[in-house]
Amino acid sequence: MFPGATDERGAGDAARDDDSADANFVVVGAPLDVSTTFQPGTRFGPRRIRTFAEPFDDYDSRTHQHFSDLGVVDRGDVHAWDDVSAYLEYLAGTVRDAVWEEAIPLVLGGEHTVSLAGVRAVEPEVFVCLDAHLDLYDAYDGNPLSHAAVTRRILEDVDSVEEVVIFGARTGSELEWERADADDVTVVSPETVAEPSVAVSDVVDLEGRDAYLSVDIDAADPAYAPGTGTTEPFGLEPREMRGIVRAVAPHASGFDVVEVNDRDDGQAAALGGKLLREFVFTKAADGDG
Amino acid sequence: MFPGATDERGAGDAARDDDSADANFVVVGAPLDVSTTFQPGTRFGPRRIRTFAEPFDDYDSRTHQHFSDLGVVDRGDVHAWDDVSAYLEYLAGTVRDAVWEEAIPLVLGGEHTVSLAGVRAVEPEVFVCLDAHLDLYDAYDGNPLSHAAVTRRILEDVDSVEEVVIFGARTGSELEWERADADDVTVVSPETVAEPSVAVSDVVDLEGRDAYLSVDIDAADPAYAPGTGTTEPFGLEPREMRGIVRAVAPHASGFDVVEVNDRDDGQAAALGGKLLREFVFTKAADGDG
Amino acid sequence: MFPGATDERGAGDAARDDDSADANFVVVGAPLDVSTTFQPGTRFGPRRIRTFAEPFDDYDSRTHQHFSDLGVVDRGDVHAWDDVSAYLEYLAGTVRDAVWEEAIPLVLGGEHTVSLAGVRAVEPEVFVCLDAHLDLYDAYDGNPLSHAAVTRRILEDVDSVEEVVIFGARTGSELEWERADADDVTVVSPETVAEPSVAVSDVVDLEGRDAYLSVDIDAADPAYAPGTGTTEPFGLEPREMRGIVRAVAPHASGFDVVEVNDRDDGQAAALGGKLLREFVFTKAADGDG
Amino acid sequence: MFPGATDERGAGDAARDDDSADANFVVVGAPLDVSTTFQPGTRFGPRRIRTFAEPFDDYDSRTHQHFSDLGVVDRGDVHAWDDVSAYLEYLAGTVRDAVWEEAIPLVLGGEHTVSLAGVRAVEPEVFVCLDAHLDLYDAYDGNPLSHAAVTRRILEDVDSVEEVVIFGARTGSELEWERADADDVTVVSPETVAEPSVAVSDVVDLEGRDAYLSVDIDAADPAYAPGTGTTEPFGLEPREMRGIVRAVAPHASGFDVVEVNDRDDGQAAALGGKLLREFVFTKAADGDG
Amino acid sequence: MFPGATDERGAGDAARDDDSADANFVVVGAPLDVSTTFQPGTRFGPRRIRTFAEPFDDYDSRTHQHFSDLGVVDRGDVHAWDDVSAYLEYLAGTVRDAVWEEAIPLVLGGEHTVSLAGVRAVEPEVFVCLDAHLDLYDAYDGNPLSHAAVTRRILEDVDSVEEVVIFGARTGSELEWERADADDVTVVSPETVAEPSVAVSDVVDLEGRDAYLSVDIDAADPAYAPGTGTTEPFGLEPREMRGIVRAVAPHASGFDVVEVNDRDDGQAAALGGKLLREFVFTKAADGDG
Amino acid sequence: MFPGATDERGAGDAARDDDSADANFVVVGAPLDVSTTFQPGTRFGPRRIRTFAEPFDDYDSRTHQHFSDLGVVDRGDVHAWDDVSAYLEYLAGTVRDAVWEEAIPLVLGGEHTVSLAGVRAVEPEVFVCLDAHLDLYDAYDGNPLSHAAVTRRILEDVDSVEEVVIFGARTGSELEWERADADDVTVVSPETVAEPSVAVSDVVDLEGRDAYLSVDIDAADPAYAPGTGTTEPFGLEPREMRGIVRAVAPHASGFDVVEVNDRDDGQAAALGGKLLREFVFTKAADGDG
């Protein structure tokens, strides 16, 4: 159970203000860990994120909200198996249930591949992600459902998606960079993210469009998130990631945090849980407006 | 033994300049580890801090001083037990011994609760701390001596204390934030600390007043101090912490570094030991002036 | 095998462009681990660096090069033994082989002492290093071949070396700082490195001179490289280190990365491997010009 | 959720045979971690035990039963706080609920102190435990509710308890050993347990008496359970522990496994979970007879 | 490179006695890590085993042989990818190359599934394995190529295999145990292995038959091999495993050690490497006779 | 400070019975860590052993003694440096001080090489050790003071030593085994130690002779002591080691425990500390007789 969430919607409803009736969220764990290239362990990501969120205060002083008031329901994990294609379909079904209930899904990965299920369920126009990697392989080691191909899949196979924006990307194959040159992809380097003068709205126009926000924790510099499959130095700082989450959340109908594993002292999981909360607080506050 | 300290005052006295006769310091370990909320292990804090200070050079090039010349005596640990109230009283007695000898106490926690003993012994007018948390609970889980209530205890129960300043705080309960709104509390967010234009003297007037400086290591971003009970992302950078230590030290009659545990690769302990040394070097250099 | 390198020059030759014929590199592991002062394990440095470089993309988008095209040959490790003097001589011979083949040696430490072998083989005019420490002891614990004396040895015992520049140094003994005051040593503090207005060319004139670049991973702040023998807080950020590597590489005929051990979650090794690649990419791109 | 348990009794009931109607079990987590003497972390014991039981097969080939058929309900954790006396009372209430439902409580510690709550609820005549320690202090560091005093408390303060048997004990204070000499205590050394000719029934007559079985995981040799607060070499082997569990289970109305922490690679938790299952399988099979 | 092996057959040939010409071995790493059920990391198995074999003496005093004299060639790893079926076919090809050269293949896993490739290449009549698990699932989570189904696959899909013997098995599903009741499967419990009176030859007649020996490291008690995917307490002791290796080796034409991961302090890898060497020493000594 | 020891002889004297006046012990830490072949970290051995002895009870029920009554003085560590020959001489001097005071030295390694200093100071007739390795190299990697040559050095270079007995040895080079065949060396295999019918007195006649007992912790099976430089499977069980310590202690005038490092969860250190205590308890009890 994500701290502050409930496992039955009823309980949450009773406790929360009527005002936040349109700010309903559903947590789904997706511990897929099949295609991880280097250091495995994303199967423990949902558990780690929930655990390291335990010491966080329920209250958020910026938005004057209690997390436990916001109607977050944790539906537990969708047990993963080896047939990734079938798993994604099943997972998308579970996420779609949340969408049909007019709730915002919050998916806890698991490898990045699970974003494909999230996006299929949400059907956004824009896919925004934070990632060290382009994930624009057409197939990796022959596998089109590899975590390294997920952004390509989303861009090309999900009909609703018109555009992809990747914040923090700093590495990829030559073919991925060529694909990234196309009009439907925008890559914002970590150095650009760090420039105080650059706002998310300068990079992508989200007004009137529906977005899905995916946080691959390896977007962060490895100092802040050593516990991930493929660490890549020279990355984002947590406050930069938070800034992007705050800017995108009001436009987003779905969210995930992925690629957290159990191979560090909790840094990756704590950061992931914090960004999820930041998304929820921002979205809920925006919904009140 | 903290590296560079002696266990008998005599040895240190012989070695140091007469000029620094008023810059005498006493290290006391306070391995209390009872109320830690999430990840325990602060009982190993004093040992970790002493150990990870071993590779540090004795010499400080900024102040042109040798640590081992500054009359630092390490009295070892005050063994902790379960009765926190009795323990704090006993610990305060040990710290008070140092104060009566006109030495500056340097307490190595242990959970943050031990600051209450330090402050009772020093009786400062201002309590300055670096902390991710407000620690302004009236009681946590019914316990008024929880680490999460220590700043409240100090503010309300120690007569000499007029004012509290908390640098780096970024989380708390709603009631804590309300308490923080009162005139006797100043909270400086991590974002404000990071602003180059903001000086400690803009925030609190320490001239002519006696301060106690407490470093809860979780004030740092978890990247710099993963080994602490309750990590909280979006925190301070070590140089920002150092800047505050340098600014406050000349006004401080007592110091502690707390909440270091043994659950990382030494980052928290190394940073804690370094900030303690920075305090001593600054204070000693100031005493020479 | 460093990822993207070959173990036979032939294979590499076949795969690379003729243009890069003058950008040939030889990796040599030097797992010396005898004089490490605090936390040992540098003997595992070469292995760690090679391992944590596995997830890196072959392609570099900044210089439009593939690492595997650049003629990097990995000759494996030169097994270390206790007689440091004899080992350095033997290691220098191996590195000299690379120099005589007009290749650029890339040494993977091992303790910093191995730089002495690298410098003896390369015979540069300027020794540039990134290091938290001055390493200017005449002898440490009576040992003139200690890692803590390596920069002094290089400066005083290698005839070709005229000048030493140390970026990121923040600690040393009083005698080391005095030695650092001489004209043939320049120390650039971490705070100075962080100033955007300060360029490497402001600090040292490398035009027309031959340099050797040594990266002691402890130059980085411990958050970015906890896995090293003697962590020293308040250090460099990875992008600052990268900037120095980029600026020095075009002038350098030898390179090493040292003091990585196995006592973290891969941060030190990943950073070390990344900086080695940055050196190679920059040097190779420069060679094309 | 302990693997194979359900969180609602209904689900379990539906799935199980009518024959096992009298073999109903209730898991309660009791993450108390206040008085741990050396290495803390028992607060993570319930979570670790549940997690490391995940790979175990549902089926037991010795008793031809499926764990998930045996009506085991997991009620989650009873959140612990600092007031141990109050906590034990509350915990005893929760355990007593299970007893009143004619179920067998299975408590997951937490420090050994929680056995006092279990025993108060079950009110057995004999307290059988596996423990490296006598736990017969009258008070430890002045604390009569220390884990090191729990067997004394149970023996002297719980009216129903007539007798205590401690298997595997190999250390204690002089006063504890004196107390152990009394008629109401039997200590069976690890060496005696290892003798094939010694049966549990030789040591204690359990026929017609109600027992409570407590497994302090430190009864095992540290090789088999490094993750516990106070490791004590020369301990029991897992099969010896299993033999005692099998012998006592048919006579026991309550069970706990305590002192597992998170400071190893899962050995302590896996062994703890396995012994809990062994208890359940044996008890359930016995109930069928 | 496995310590004592060579990477070119030539070198090994030169160094060894003519007598051992029929005792030629080929090491192949098979870092498959796709279907691991609980704790992943078998992809690091080959590397771990090679690394932790480094401190072993080349000489074996029991058989009076040097490992480096026995013509062991290490062909490195066969890089694994997601398509397990294709990977096994490719791996079987590599192993078959060794068989056709009349060498004995020594496969380093990787998950247990890789034994299927080894057995396909060797085509033995008897498959002997050490395993905590039956691995007789027809399919696990719908996957017939899961590590949990490997012994079933070998038994039913490899034509040459007439019989399977599993030493140390102590858990399985009900269906697996039923399959184990058939005439072509023999299960020897850990308790039976421990009986000094039971010899391997009592269990299976290997005279005149060709065997393949597979060591799933989880056959060992978790104390001896914590670093494996699914630890199962109450297992074998290393000397018991060694006894089986010694008894089977003279009859075996293929060998593997699998399921070692990187989640312990080297115990699993050291044991795995030692058992591989024991196999080679025994086989080579037998070949001399 | 080893738990139960004092740092001033006076304090200990006051507390102990006159009867034990001839059972005086001096602990000396010898953190040498230069020649460790595989995994370094023995420099942390003395600290680890002292730390993990903290939870042990002061009282020993077998001999009815309190450790703190036995006049054990801890003189701290003799800081190690790179010049092993000089260090051993200095260390021998410190140990000799204890011998001249008619105390029994208890050396905490550090690598096994430090036994040479202990033996030089004690000048025994018989050197008894527990070790996985013969340590009979004449020189290892050219170094006659390597840990792998220590037993050879002791046997051949210390005049008083007539005979060496090695319990638990299971590996060595061919030349070492040849040296072990000579009359002055007895090797007792782990399998022989395990035989209940074999007593130490069957192996070596210690009556009327002065012995020195050295415990290389790698004599234990790696399950019981993973934290050592070169683990070697198929080793001794702790109770077997204890049996040898009990048998030899009455005849021994010196003791050490070596090769403990910090690369496990405390198992090696706890076992080492326990065996040291067993030595002291046995020796002291024997002295009373």
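Residue numbering begins at 1 within each chain, and the chains themselves are lettered A, B, C, D, E and F in the order written.
Note that in this section a residue touches a chain if its C-beta (ideal position, glycine included) is under 8 Å from a C-beta of that chain, and two chains touch if they have at least 3 such contacts.
Fair warning: this is a prediction, and the values are worked out from it, not measured in the lab.
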{"item": "Chain whose average C-alpha position is farthest from subunit C's own", "value": "D"}
{"item": "Chain pair with the higher count of C-beta pairs in contact (B-D, E-F)", "value": "E-F"}
{"item": "Chain pair equivalent in interface to A-C, over half of contacts matched, among A-B, B-D or A-E", "value": "A-B"}
{"item": "Rounded Å distance, subunit C centre to subunit F centre (Cα mean)", "value": "41"}
{"item": "Euclidean distance of C-alpha centroids - subunit A vs subunit F, Å", "value": "56"}
{"item": "Centre distance in Å when subunit D and subunit E are each reduced to the mean of their C-alpha atoms", "value": "38"}
{"item": "Interface hub residues of subunit C, defined as touching at least two other chains", "value": "221, 223, 264-265"}
{"item": "Chains touching one another, given as label pairs in label order", "value": "A-B, A-C, A-E, B-C, B-D, C-F, D-E, D-F, E-F"}
{"item": "List of subunit E residues in touch with subunit A within their complex", "value": "33-36, 40-41, 43, 81-83, 141-143, 146"}
{"item": "Complex interface listing, subunit B residues touching subunit C", "value": "52, 54-59, 61, 66, 221, 223-224, 238-239, 242, 264-267, 270-271, 274"}
{"item": "Contact set on subunit B toward subunit A in their complex", "value": "37-39, 171-174, 177, 191, 221-223, 226-227, 229-234, 263-265"}
